[in-house]
Amino acid sequence: MSAALEGLAERYLHLERPTRWRKSEIAFWIATLLPFFLFESYLSLASQVAITALFALSLDLILGYAGIVSLGHAAFFGLGAYAAGLIAKHGWGEPLSGLVMAAALAGVVGYAASFIIARFRHLALIMITLGLGLLLYEAANSASWLTGGADGLQGVRMWPLLGYFKFDLFGFTAYTYSLAVLFLVFLVARRLIHSPFGLSLRGIRENPVRMPAIGAPSHAHIRKIYSISAVMAGMAGALLAQTTSTVSLEALGFQRSADVLVILILGGAGRLYGGILGAIIYMVARDQFSGVNPQYWYFWIGLLLIAVVTLLPNGILGGLAQWTSRWSSRWSSSSRRGTPP
Amino acid sequence: MLASLVGVLFDGFAYGMLLFVLSVGLSVTLGMMNFVNLAHCSFAMLGGYIAVTLMNALAWPFFATLPVAFVAAAAASVVLERALYRRLYRASDLDQCLLTIGIVFVSIASAAYIYGTIQQPVQMPPYLRGSVVFLGVNFAVYRLFLVGTALAITFVLVASLEYTRFGAQVRAAVDNQRMARGLGINVQRTFAITFALGSGLAGLGGALAIEMVGLDPGFAFSFLIYVLIVVSVGGLGSIGGSFAAASLLGISDVAGKYYVPQLGAFLIYLVMVGLLMWRPAGLFGKR
Amino acid sequence: MVVAMVVVIAARDAAVNAPALSTRGLNKRFGSLVVARDIEFALPQGARYALVGPNGAGKTTLINLITGMLQPDEGRIFLGEDEITSSRPEQRVKRGLVRTFQINTLFPHLSVLEAVTLAVCERRGHGGAWLRRLPAYRDAIDEAYGILGSLMLGNQCYRLTRELAYGQQRLLEIALALATKPRVLLLDEPAAGVPREESAELFTAISSLSQHISVLFIEHDMDIVFRFASRIIVMVGGRILVEGTPGEIAADERVREVYLGKRGHG
Amino acid sequence: MRNVLRGLGGLAAALLVASPVFAQNTVKIGLILPYSGQFADTATQMDNAIKLYVKQHGDTVAGKKLEFIRKDTGGIAPDVAKRLAQELVVRDKVDILAGFVLTPNALAASDVSTEAKKFMVIMNAATAIVTTKSPYSARTSVTIPQLNETFGAWAYKSGIKTAYTMVSDYGPGHDAEGAFQRGFKEAGGQITGSVRYPVANPDFSAFVQRAKDANAQGIFVFVPGGVQPAALAKALAERGIDPKKTKILGQGELTDAGALKSMGDSGLGIITVFHYDPNHKSKLNETFVKAYVGDYKRTPDFFSIGGYDGMHLIYEALKKTGGKADGDSLIAAAKGMKWESPRGPISIDPETRDIVQTVYIRRVEKVGGELQNVEFDKIENVKDPVKERMKK
């Protein structure tokens, strides 16, 4: 691939370079297999990290790339979770098809919502997403005949994955499954942000006023990415429901929306790996802190957040990118990237 | 029937006034500096705990605790403003969210560590308890007191914004920061002071809130949503807006729960979403 | 019958020598303040018109009205012979009515090439395509590269927009506009803040644009205006004071007192 | 790929088999509680009692040293609870799962208890069905129907002919509403109306006004413990509902120590049903409360007693099995166990593994200037009626 690119005009390379697989990326994805060998007893945590990472990735596409802040993204996570749970409860426990159906539902709702979302920005947008999310939560709570209300959805029975791998106590199947889905969705997201559409999204984030002035249908773009993001969030929810065979109202809750936002910002919004890194750091830190000190762990999480903001602006990846670019610019001001992946 | 209507409206208004005192500070600071301070309710919580400590441990009278709550919260905010907030004025609002959420976590943990997770018990002085009947309508004494306080605060705020030099500077800074700078107003300083006053009000609100909604370490988080609703619906930087929004939300919430209880939980959010779709900048908002 | 005839003829005439852009009785108020009053003008195909007037005369507002960023209270706007009064800004751009901004309105964290490629892709309708990677759209990239070259930005195109010198950012403003293949180009003080000698270069670049592009530009420097404009429209207080050739304008008394007079002590 | 997975699957299976072996002379207990978040205080109270019991009875039972591993669910989070249960079993190799304040979390962890055959002690979660989810689980707290169906029947006998019910709009609330109305109607009473308020409801005045307008002889209320009881009681007082005329009936949380402190005299006369109160008159309870207050500077509540009795059940079961800690032996030992708790005589129903206990009817009165729940009636040996019906 890259061999063929030698001798190509710089202008192509300039746009092609950021789409290349870096060694660090490949190393990262290989590292995601380590839990299988090094931390078998952490597999169930690993699977939930992967699920959260997927959720954060879905938020990154709208927040990090299109600049749409949402405080109600758990709505789609929860929709996916309940859809997957209900399908399994009513006799169809096949995970993959359940995943697809759940994602589809989330996508449809996301598309419907996107017509509202695209019209607003700033605080109004944040509060409207928040409001819609809370409304859905209350609806799910009062529709206890369907959702099981506050006790959570009961009687979710999953069939073995591919008819062969049971969801085991170790979370072995759970992690394999979550990781595989995360990786596939990541590939899609990666391709998406390196496409012309991805460029248009960055355009919307960089300057929503200019976009119409160059003939770009911003609203259409926003509707599209929002629906895609909803599908991914729905997948994350479905994965959680399937791997734990539990669904509760908290899947829709404000807390979850807020957490994923924090996770994404922590890792670095607008960077493909921001959400994933954020999920790993936040959840592992939380697991460790709360293991040591179940009552006051969030004190340390709080300090962590404050430290990151003050030391590494724009999240961990953003901060690092800044440091490195400052560092490198001292040696040579080689052509720098707007948004490193 | 009419009696109960009046009663319901009154209760709603009183609840709204509580929301107003809690949120007005955030509205002004957000409007002036666009600084997303999600830790606003942490200052409220601080005020609450100060009041509780003074009342229960030192047996202070309730009224004496209120100014202390105000001052304590204001002081705390000054410290934080110097230590942390100041670094992030020019940072992205996402970073501001992260910082202030971090502060919320720390404050909740600290409160739980110091005061325990228990629900703080408070005993109002007898003359603030129970209710008075007027024209066959039941008015809770404490709510009457709350409304009075809130109205007084509103009056003071509006008056000082309209008629003092500092108020003028604040208004200028809210309307247009660049221009204010041009006019030689020290926006940084103006903001710091406003921020302190706003947080102080939050602290006062925290102290006033205990009797009605209780106080435990969760407060800093659980009331954040309501405060944000008031701020966004009212419109950034607008005291009148916050007042209108708070009373509107309070009344619609209580009235809704009374007349259509099955909608009880939905109503406040429905109202908010509806209003924001109608006026994205809020009732009295410019931007 | 006869009426029908007339209409047909009228239509044909319109088709023949319809101006590239024209407005009829545009009015816009902000509360009591009138920012546009009965604006009527026509910009012929391939023309180079200047729009001048003291600050606050409503020049930028007029551009906002024409490009749909503001909706007029009354009046109609025509691009060629078809009306666009109610179409959305991006639709107008698609039809070839494009503007630049007085204050740089760019994409700070996109590289120069990325920014222009973005505009090209949007014009070519690739804006929503996400199955193939950007580098696969070579002809789009080539076109963007070409545009940048024609505006002397060829050697800057791998830098981030925000790292460009101010003058170069002004050029990028125009590059973005050109990337949309405009038929009518509205330039809002393209040389604002650019030192004189550079601004002359900039306008040489503009005037050397293809004759298929009709240009209306706002500019304060009268020397530039007289050098590059075929006709000049003078606005004052939201209305068109006078329109004419540079010679006519230079001779016009009212212009002297209102406009040139102002420049005397401005 | 699939072969690789299969290989790894084998590895995992091997480890799973390997896991229960060892844990020779220690018994590990995994406590899953909401130590942080909205329900943190419930965890605090329960954990205090657990610590107290261990302190009083030593940490060695039947020659085995007890080892506790505490995990935080951070509130209602079945996914987390299940994961923690899995990790406790797989990584920390615990023998017993215990705690569980919240029903969804208990239900989720029950799956793990079933699959891994681990003894599970539910120390609070009060929805009737919880114990049916795992054959290795037993409950030492209470069930909502156990209290409120009994209460409904009692209310009618006590002379209340018409009642209005107001409950929090979520699972436990619905259970309480259903149970009370059932008991009340079956006894012959008439429900004049009912209303449900949101779970997180800061202001009750509107609902209280409705209840008042319905003017029934009794108003039955249910709220989760914590912030709300005081707020509700205050609202009742503010709207001028006089407990001496209209009977206010509720489940014990409504008038627990903390709530009473902050509601003040507005609480006087409220009648509640409950299975435990720190002022319960018995030698055992007095010593328990004394010790508890001594260590933690606050009075125990029903979370505490659930934890305390839960520990007692674990200790006694271990003694009975001679330290064998596998699920089957422990649950077998637990079935039918009887003992005298600070709350009174209790036992574990051999069929349902659920608690059988005395239900107390109390009234809020001033005792030496202090508001207290004074027991003035009781119904003995009450089983969970829901599961009784299931059997039929």
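Going in written order, the chains are labelled A, B, C and D, and every chain counts its residues from 1.
By our rule, a residue touches a chain if its C-beta (ideal position, glycine included) is under 8 Å from a C-beta of that chain, and two chains touch if they have at least 3 such contacts.
A quick note: this is a predicted structure, and the numbers were derived from the prediction, not measured.
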Central subunit by CA centre of mass proxy: A
Centroid spacing, where centroids are CA-atom means, of chain B and chain D in whole angstrom: 36
Chain A-chain B separation of Cα centroids, rounded to whole Å: 33
Computed distance of Cα centres, chain D from chain C, in Å: 73
Residue list for chain D, restricted to those that touch at least two other chains: 36, 40, 43-44, 169, 198
Two or more partner chains touched - positions in chain B: 112, 262, 265
Chains touching one another, given as label pairs in label order: A-B, A-C, A-D, B-D
For the chain B and chain D complex, residues of the former touching the latter: 4, 7-8, 11-12, 15, 112, 116-124, 129-131, 133, 138, 140, 142-143, 211-214, 216-218, 222, 226, 253-258, 261-262, 264-265
Interfacial residue positions of chain D with respect to chain A in the complex: 2, 5, 8-9, 11-13, 15-16, 33, 35-36, 40, 43-44, 70-72, 74-80, 82-83, 86-87, 89-91, 103-104, 107-108, 111-112, 115-116, 127, 129, 169-172, 174, 198-199
In the complex with chain A, residue positions of chain B that touch it: 84, 87-88, 91-92, 94-95, 97-99, 101-110, 112-113, 225, 228-229, 231-233, 236, 262, 265-266, 269-270, 272-273, 276-277, 280-282, 287
Residue ranges of chain A in contact with chain B within the complex: 63, 69, 116, 120-124, 126-128, 130-132, 134-135, 138-139, 141-142, 254, 258, 261-262, 265-266, 269, 295-299, 301-306, 308-310, 313-315
Sites on chain A touched by chain D in the complex: 36, 40-45, 48, 138, 141-142, 144, 148-152, 154, 162, 164-165, 168-173, 176, 240, 244-251, 255, 290-291, 294-298
